[in-house]
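Next come the structures, one after another.
Heads up, the next two complexes both have chain A, just with different partners, chain B and then chain C.
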Partner chain A sequence: MGNFILRRVLYMIPLLWIVSVLAFLLIWIQPGDFVSSFKLNPNFSKAFIAQLEKFYGLDQPVYVQYALWLKGIVCCTDVIDEKDPSNPVAWKVWSVDGTFPFVHYNPYLGYSFEQRLPASQALFGINGEALAFTLIITVTTLFFSWLIAIPIGIYSATHKYSFADHFFNFFSFLGLSLPNFVLAMLFLMLMVSVLQVGARFGLGVGKLLDNEFLTACWSFGKAAAQCGPWWDLFHYNWPKVVNFLWHLWPPVLIVGTANIASLVRYMRGNLLDVLGEPYVQTARAKGLTERIVVYKHAVRNAINPLISLLGFWIPLTFEGILVVAYVLDLHVVEANFWRAISNEDQPVILAGLLFFGVILLLGNLFSDILLVMVDPKIRYE
Partner chain B sequence: MNERTTIQQNKDEPELSLRSDLSSDRGIVEPVSQGKLIWRRFKHHKLGLIGLFVIALITLVVLFADFLSPYDYSRGHKNFSYVPPMLGRIHLFDQDGHFVGPFVYGINQVQVIDPISGRPRPGVYAWENDPQVKCPIHFFPQGEDYRFLGLVKTSTRLFGAREEGRVVPIDQLEGSPCQLFMFGTDKQGYDVYSMTLMGGRVSLSIGPLVILAAFFVGILMGGISGYYGGAVDTLIQRIVEIFMSLPRLALLLALSLILSAYKVEPITRYWGIVGIIALVSWAPLARVIRGQFLALREEEFVTAAKAVGTGDLRVILRHILPNITSYVVVAATLTIPNVIILESILSFLGFGIRFPMVSWGLLVQAANHQSDLQFHPWFLIPAIFIVLTVLAFNFMGDALRDAVDPFTVTGIKQDK
Partner chain C sequence: MFKGKFTAILLAVLVAGLGFNVLAADCGKIADQKDLNPLVIKNADMPSPDDAKNATCGGIMSNTLIARPRTLNPITLTDVPSLNLVDRMYDALLGGTADQPTATGLAEAFEVAKVGNNGQKVTFTIRKGVKFANGDPVTADDVLFTVVNLIFPKDIATSIRDGYACGDGKLPTVTKEAANKISFTCNVTLRVFVATMDPGFVLNKKKVLELVPNVERTPKDFNTALGLTTPPDKLKGIGSGPYVLTKIDPASVVEFARNTFFWEADEKGQQLPYLAGIRILIAPTQGNEISLAQFRNGQTDWLAPRPEDIAVLQSDKAGKSFQVNDDIDSGRPGGGTTQFWVFSWTTKTPALRAVFRSKEFRQAMSQITDRETMRKNLLLGLGIQQFSHVPVPSQFYVERDPKAQGAVPQDAALRDQWEKTGKYLYNPQAAAALLDKIGLTVGSDGIRIIPANFQGQGNPAGKLEFTLNTNVGNTIREEEIKLIASEAKKIGVNIKAEPKDFAALVDQLLVGDYEAIRIGLAGGNDPESGLNVYTCEGNLHFYNVDCPKSPTQFEKDLDALYAKGVATLDRNEAGKIWDQVQILVGQNQPLVHTVLSNALFAYRTDVLKNHGRAPYGNHDVVYCANGKCRGG
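So, the complex of A and B:
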């Protein structure tokens, strides 16, 4: 087992490398680079631009640029002294937090000259909040859709052609055919125009937090002006958490609907296949109750193909979140990626492509390992 | 192709339909082609038939889009911004209850009076019927010029509202209160109805075009991989694997940036979008087709064909491919809705089709503000078309799958 996981992880490395090469090439073939827009800016001296170009290897062939980029991610970046007098002063005025763009963060994914932040912060949020939101939404959506879809699928398969089966079947077709953005807009319309939750109940719609909570701490530190660590549950800012939960369910519901629709169809199909197997008939002939036949014998085997699809589900959920985040204005990684795309912020796009690629591969890894653990028929030696 | 359903087929259905042939009056068993058999099974699937009908209808409508629309979709009417849909304002009877044929009233822009202060609210307007001006709906009136089916230059449109008792020259129609905005207008007075019909051309055509491109590559790669096996197979499977490890939507967005960077003509952009969607969707297909080829190349008829000295290309094209045609058709029907959704998402996010071309996704983008959703909900009408089309394709694909292969319960086996 450990051997299998090790081999599986090792196998990911070349794939990941190829994905990173492809992503880099994709950005490289686009005309212009992030320094080219600086050349028109009078605040930056020729020497400074030359320094930037040298640092990012923009004056060198593409494979050197790639190597420099990769080096920043897997190893380290060259440290350039912040107090070096040869660095232009204009830069420190220009950059948002006074940090110098050459200051290295490991892993260093590049620097977003659009947002004047390191690319990792531009993508994941300044304190990683966007990443946390994305992961929370993804995990909640996956759990939510499985919890709803599996029982419906089982019910549909065991009550084939009943009224409820036709009902669920129709709704899963509808759910498949409703693009996420349409669903999100219908939801907004329901909340804003029909229910008027804003005017009647003072509840905000869209975003992940209402404005008054945006800058508030997640947990209070010892001093009044200080925030505590995020895991400090005893001093949590519970109103903010409640506010967050209120904003969390719409994206989960919307992204989950499409997932549920296809999951129900898979589950129903698989279970019907399994229920037709001779061993199920044998189990019935032995006099087992229908409940045990279905849940202990049939469902157990029908669920395995779904697990193998789990890795496929995570990127789909990410796609859904991207679209919903655009409509509902959610501050998540996908929204930052979209913003980078519209600003043509190349380092952030690159970081985003890599991130989504990693998530996809990790999802596949996770589902493979889970499948091996759940399904004893799979040989992994 | 992430759906796999089960519609149980009645086991004795094919036999039943065969029996009618046996009892034909000449007493001869007529051969029934595979296509006929599939059609017979398909006919029993009511939702599938409805899907087919809806697709045929929408295809016809978008084909004659410019003839069916009263306005040129790419021209705004700056005097008529945010007119609500007039579909519900078409009358058949006049005020005395006499039937006079379809007509609408002229529309007037009025200031909205604030109910509390009693004063007009600045910048807020509504459109009211003007009972003085009656506008009968004419059939085959002269309107703005267009090319019928892109070929014949004409100005005859199917319908349009014209003022009663006054002939307005075509170039002054914009000033007349007689307008017929079936689905309303947007801020610049573009007719949503005409735009929706024209947008259907892009949204509907992109599916089959992508399928054509993706299937060409998919069948080629999958076929070679499955037929030859060995090192070629390993190589192609690794390529497929890499393509499947790329994040689809993120990749699409990044690829569309290349299209934007080189400022291309709208039509070139359209083909570019077909290309990039095909690029991200051929891989799963190649994998499935490879599986089919792997199974079929061991069959006796392939061995027989090879034994008589048939070339590889001929075996692939004439012996194996026809055997998976029905399978490929089903896969195509089930992929089209995904492509339509993908295109609409791309256009909706602002990186797909751009004006002066329109697509349904692009049109829905106009509704992406809370205030628009609240005050101009008719911007969502193109979304209804997306949902309807995708639903129809899904129903049809599902029925087709059952019809083509009545023995598999689950339909397409997608190996991961």
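So, the complex of A and C:
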């Protein structure tokens, strides 16, 4: 298994390289770059713009620009302080550093002049919070939707045309047909107008934290008013964590509802197909219990197509989160990516494309590993 | 209560639409500030005198900002969201209004002396013992440095400089008279001379030099200084306003804490501000929706609602969910505010550039702006149609009632000229005829064609289709641009309505890199507030950023009239000139004005006290009942 995973990871490297080339070319063929806006601004001299172009390699051929960008991701880059642009002083920023107890990987993905931040900070949040929120919401949503949808799908298939089957079918179609933004708006209305969670329980809606926790530390440091490292579980600000959990479930529920609806339909259909196969008849004829027939023989085959689709579900979940983030004002990567697109903030779009490419590849890797574990017919070499 | 920073908002800025657990606490006694001559605000001068008697300290006041701020730089800012942040951190020399300035700011007195035949000199005496938020004294050196090193250099992009010009167009002479005295001298004076000479924001020289060491040699460095990523601890003490910035996440929240060195007190001798802090939530995408939900849910203390939100809030009140004021919609159309859509005369597409430079085209666009439908359907009747670039509450507004008591008299001929030539009412048929007349004929696909060399401008041919942006999250503006696009389609103009992030919109606007934008301006009521927008060299002359290099005849004429207007001391004579200015602007429609909403304001009556109709403007005296606001 170790060899299999290692080989798949190695396969990912050329794929990632292709993704990075395609993403870079996509951005490059667009007219203009971040210096274009400086060219139009009378407050910046031509000499300064030329200096910027030279510094960021924009006066170089496209392959050199790409090489510089790639160097920032895998190794290091020279950056300048925007505060003193007339006298740019370069220093090297390493993409990897080994501060105890972790090795940090902090790729330099370019600079967002629109937000006056490194592109990685513009995309992942200044402290990487947006990235953490995105990953938490995505993973929780996937678990939530699969843990609910698969048993329902199995139950619906094994109790075809029963009341429960019709009931689940109805809600599946409802979940499929209701767009996420409508669900998010309905959620806001329900919480604020009907349940009045603010007036009755002092609970907030929107964002991923209540007001008083937005800038509070995740963990407390040794000195007063100093934050501790995020991994220091012994000094965690647990009220903030609890508050985050309160804000976590709405996006999970809203995005998960649409996922559940699709997954239930997939699972039910696949299982019904498999249950009609001759080998299932044979298993029954051999006198196996229905539980063994369904769960050991039928489900293991019926679930395979879903697992192979897992890599596809991850970007789909990202898309769902984007819509919900828009309505509920969530500080997540998807919202930052959307903002970069609408503002034509090219370095951030590029960083986003690469990030989503990496996630897609990781999703596929994960689904392949799961498939090997679940399907006895598939074996790693 | 007459404190305010009128100079800072004398000039226009762009409008987006516009774990604490603090209990009641002692604000501190102003007497503890040794050697300070505080500004004592009597109860009678407070926004709500009855509330003022029971003022308590503490609490964090919260509200939502529906657009992302762009900077923390008080000198170079051009947008209201940024002003909302920095305005709390800095103070001006004076208070009062442009016409009646008062020594209720950092200056405890000012004197005006005549210089020569037409000149004036104003000398400000800085309040004794007044300090920046880190305890550094505010001195004449700081004012001199702010004005001479941060405002006057041409390399620094600031609108404040546009308002500083004397009647002869030259910058005033600034002289340090003593450690606490500074004077400004103009050889040709202005109608609002004293107010104009107030820089609006006074910055701590020492702190600025720590942050931008080379600013005296290379002023341009200051343009990109004090960005949103500047750590708050580095900014502490840069200003002397009622609050200091403590935390900022530009995508999410900004927090301020009270300035313990602040120099105002109430009549009981309690140091102001009463609030322990202010928290501003930032919601740049679905701003209107989420800010309403958060206000209704008790997460914020006040809200600038849309007209359509009023019924929801009243229903909440009827359902006893919370207590909200009854007079949400009693505000008049926002003072100092104008709303419009504008074309870039320097846009990248040559054919569009040629069309946007045509005044007949812009007149036609004014005629497809269905202001009455906007007023009725989008503002639900709570607003007025707008035609002039001078704000409606201004004494010089061209459609004023000259017979009203104390009004500026008006020449009937000028009023008649305005009605006949300066005002373009909704009339799509006339708009279509006008476009036909200037040669923008409808093509086979129903879209008008821009002929080559349109009006002798040497452009290639093209189609009359362009993008109209506005700031995302402002749902009224989003609906307005859809309405404009729909009206335009009827006469063969293809407009793509597209909302965008406010900060990005402002970036594009400032460099002329856009096609059309629906946005607004906030500033003073008087026509002088438009100097930075309507004069050619103005920092916000966004419809033609090439003006300094190649001004059009209209822009030259307007510059001449503005120069005459600001230097005309006689109010009645000034009235005539400002009428002419409004007629000229109306005829040329550089900005196509739309509708102006009434000032709507909702707050929790059980929580927020002593704010009048502007908790933002009165942030030094507003307080939370029992020292506890909704926000913490």
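Just so we're on the same page, the second predicted complex is superposed on the first by the 332 of 381 C-alpha atoms of A that agree within 3 Å, B and C clash if a C-alpha of one lies under 4 Å from a C-alpha of the other, contacts with A are read in each partner's own complex, and residues count from 1 in each chain.
Just so we're on the same page, a contact is a pair of C-beta atoms (placed from the backbone, for glycine too) under 8 Å apart; a residue touches a chain by one contact, two chains touch by 3 or more.
Because the structure is predicted, anything quoted here is derived from the model rather than measured.
In the superposition on chain A, A:Phe213 contacts chain C only, with no contact to chain B.
In the overlay built on the shared chain, the residue A:Leu178 is in contact with chain B alone; chain C does not reach it. In the superposed model, A:Ser342 lies in contact with both chain B and chain C.
By the touch criterion stated above, A:Leu188 is placed in contact with chain B and with chain C alike. Legend: residue contacts after superposition of the two complexes on their common chain; A:Asn237 is shown touching chain C, with no touch to chain B. Using the contact criterion defined above for the overlaid structures, shared-chain residue A:Gly352 touches chain B, although it does not reach chain C.
After overlaying the two complexes on the shared chain, residue contacts for A:Trp249 are found with neither chain B nor chain C. Within the superposed three-chain model, A:Tyr279 lies out of touch with both chain B and chain C [touch as defined at top]. Residue contacts after overlaying the shared chain place A:Phe167 against neither chain B nor chain C.
In the three-chain superposition model, chain A touches both chain B and chain C at residues 185, 188, 192-193, 205-206, 326-327, 342, 344. Of all residues in chain C, only 19-21, 60, 62, 155, 157, 211-212, 214, 218, 220-221, 223-225, 227-229, 247, 249-253, 255, 279, 281, 283-286, 289-290, 293-294, 296-300, 316, 321-322, 346, 472, 500-501, 503-504, 507-508, 510-513, 545, 548, 631-632 touch chain A in the complex they form. Interface of chain A with chain C (complex): residues 36-37, 40-45, 48, 82-87, 114-117, 125-126, 130, 185, 188, 191-193, 196-199, 202, 204-207, 210-216, 237, 239-240, 325-329, 331, 335-336, 339, 342-345.
In the complex of the two chains, the chain A residues touching chain B come out as 15, 18-19, 22-23, 26-27, 29-32, 157, 160-161, 169, 173-174, 176-182, 185-186, 188-189, 192-193, 205-206, 262, 265-266, 268-270, 272-273, 276, 308-309, 311-312, 315-316, 318-319, 322-323, 326-327, 337-338, 341-342, 344, 349, 352-353, 356-357, 359-361, 364. By the touch criterion given at the top, residues 2-6, 8, 241-242, 245-251, 253-255, 257-258, 261-262, 337, 341, 344-345, 348-351, 364, 367-368, 370, 373-374, 377, 380, 383, 386-387, 390-391, 394-395, 398, 409-411, 416 of chain B touch chain A in their complex.
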